[in-house]
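Note that the chains are named A, B, C and D in the order they appear, and that numbering of residues resets to 1 at the start of each chain.
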Amino acid sequence: MGDSALLIIDPYNDFMSKGGKLYDRTKETAEAVGFYDNMRKLIPAVRAAHIQVIIVPHHRWREGDYKGWKHMNPSQILSNKAQNFAAGTWGGEFHPEFGPQEGDIIVLEHWSQSGFANTDLDSQLKQLGIQKIILVGMVANTCIEATARFGMELGYHVTLIRDAIAAFSHEGLHAALEVDGPLFAHAILTTNELLDLLSAES
Amino acid sequence: MGDSALLIIDPYNDFMSKGGKLYDRTKETAEAVGFYDNMRKLIPAVRAAHIQVIIVPHHRWREGDYKGWKHMNPSQILSNKAQNFAAGTWGGEFHPEFGPQEGDIIVLEHWSQSGFANTDLDSQLKQLGIQKIILVGMVANTCIEATARFGMELGYHVTLIRDAIAAFSHEGLHAALEVDGPLFAHAILTTNELLDLLSAES
Amino acid sequence: MGDSALLIIDPYNDFMSKGGKLYDRTKETAEAVGFYDNMRKLIPAVRAAHIQVIIVPHHRWREGDYKGWKHMNPSQILSNKAQNFAAGTWGGEFHPEFGPQEGDIIVLEHWSQSGFANTDLDSQLKQLGIQKIILVGMVANTCIEATARFGMELGYHVTLIRDAIAAFSHEGLHAALEVDGPLFAHAILTTNELLDLLSAES
Amino acid sequence: MGDSALLIIDPYNDFMSKGGKLYDRTKETAEAVGFYDNMRKLIPAVRAAHIQVIIVPHHRWREGDYKGWKHMNPSQILSNKAQNFAAGTWGGEFHPEFGPQEGDIIVLEHWSQSGFANTDLDSQLKQLGIQKIILVGMVANTCIEATARFGMELGYHVTLIRDAIAAFSHEGLHAALEVDGPLFAHAILTTNELLDLLSAES
């Protein structure tokens, strides 16, 4: 799996820490799939296997964002109002466990849902010789699905880890992993299935 | 609406004509929303309003496609096996009513699901001064959703016409229009709501 | 010119302020064309005409950049060694006159030569309804030419201001403005020709 | 060199066959560098080394092209007037020796100068696991330079073969290979230097 990278999507306190602005909104699906336990198992195992970890961060809210924009999308309107992941605040800091560590790559912030759109993610992956991406984080049918779909279009092999992804609703999780994912993703695995693959290679 | 274009996604006989390879698979949702009647009302009205029509065609199957590809996605594997929209066959010809007419633009064929990825759609839109795209055609949670999401990421205003879009299942239609669409699309309208907007402007 | 934006490419102290790391290397061509005088005339006139100003900044050097990259290009190797535009230093700060002011947009930093590649420049332009770009700054046959060429490919109308652009050599300036530019740019104007166009519209 | 591909840019009769519309315009530089002899040596050697050959074709002129375009560039205006590489004519057919052979990939036609812009070149390269591109063909400071620059921005390793590239003028060749190329290309080799590398690997 030397040509693979783990993409951790939007590992901010606002999403993944108690007290974060969006923590309660994703809590139900997170608990249902064991999101936090799985992230705690999966990320260290991936690091131990020397697979590159790449942090794919959402745009952090800043004063004056979207100035003059003709057509913000619905997510951006909500996010702007709530000042999600505001730069310079705790909510816009990376989660202490799931955020970057020494040796990780942090790509440019994405303005909307796809971590590839308007960022350096694609060229960073090429520079590192990576052809396969494994996605975990939030949110299933927005940033995860958008990044996965975009990566597939660009020619990457795409794996979703179904129990290390959360959403705002069960329906959102279902849409991404059961309805749409099987049509665009090359693999949809559980955390344990990924760990087994890593063991088999080591 | 002078800065708008209508994108007709994949208007092939294989999708939209009786006897086409995928006609029966989309028939149930098409009938449920009145797809064919709505396309027959909407497209001429859009043309009469001098809104640019752009045909966004899926890759037509050809012998030797995907040669050497390391990671075809699930849709491509199925599509390749079934030889969907095969070049030089009736199924790969445009539907006589919903395909191109004099004055339309036909962009390059897309290999996977997004009409923007790996084609000239974005630059054609810019050259024509178009900032808003209105999507109709097939399939809701694959090519329609992928093109709409990608267009939004690139900075376009995106409108989905909910009853001029069909899918392989009710669940697929629901995922695109009720679960995901409201998070990325700027508007989701019925055919009649679009016609009312056109009337109001004329 | 309401659909135009002025792109100021790489207005850092390292380039445009005495004592900057690259100031002396661009001084000869800058003086030959009257670069600094023209920038001082042109930028305020553009602002007065309510044309959007967009700052297009080169990647600022940071410790650990290019970590693991398989193929840095020659410019990046030099730039990395010299620590050009180092984040947190005076050289990596914007030039006080030619950098951003209230109301400007600052797009994401570009890693190499094109201000469009791996940044949000394209989608910002679309969100602002801009279809024409006017380029000034440095360096003629690297970041200016690369951004201009890329913009043309994406469907933008491209104008180069020939006496508000400098280079590392007369040959570099000549290649961009006399040899290559006439093949890809829609207009190559002097500062005074641009000011005349602005006057004619006001 | 298993992760390399040879890109043959615009190998049309109009460029590379006696009697082609642009043959005489490139003849002087072609003769000066030994273009045709080098292409005849290089291409078979590359094929023998099992390096993937990819044909990167310019847009073929068709009636109605550029319809409604707001800002064609200078090259497109000339090309449209001259009907270069017209579809269905001899000039728009591939050169018998330098065009595609069994096993080659032919990517989508590019509208302007870069073979990456608005085509499937990038995703085809990814699907084939290719990270390094070697460019030969025409024209040095338009399609060759544009494709090379764009490839570098996307994260590819870029090699130009200096004596298997021609131009409309010595100045154009010089700009691409001596002035600009050394700033963006990872290697600029002669045909013999490439052949030596191939021999060393076999």
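The rule is short, and it goes like this: contacts are C-beta pairs under 8 Å (C-beta built on N, C-alpha and C of every residue); 3 or more make two chains touch, one makes a residue touch a chain.
Every value quoted in this text rests on a predicted model; they were computed, and no experiment measured them.
Listed by label, the chains that touch chain A and also chain B are C, D. Least step count on the touch graph, chain B to chain D: 1.
The rotation relating chain A to chain D, fitted on Cα atoms, amounts to 180°, rounded to the nearest 5. Farthest from chain B in terms of Cα centroid separation is C.
In terms of C-beta pairs in contact, the better-connected of the chain pairs B-C and C-D is C-D.
Measuring from the averaged C-alpha position of chain B to that of chain C gives a distance of 38 Å.
Averaged C-alpha coordinates give centres for chain A and chain C that are 33 Å from one another.
Chain centres here are Cα averages; for chain C and chain D they lie 28 Å apart.
Annotation for chain C: residues touching 2 or more other chains are 70-71, 117-118, 122-123, 127, 129, 131, 153-156.
The residues of chain A lying in touch with chain C in their complex are 52, 66-71, 103, 105, 108-109, 111, 117-120, 122-123, 127-129. On the side of chain D, the complex with chain C involves touching residues 70-71, 73-75, 112-114, 117-118, 131-132, 141-142, 145-146, 149-150, 152-158, 171-172, 175, 179-180, 182-186.
Across the complex, chain D is touched by residues 122-127, 129, 131, 153-156 of chain A.
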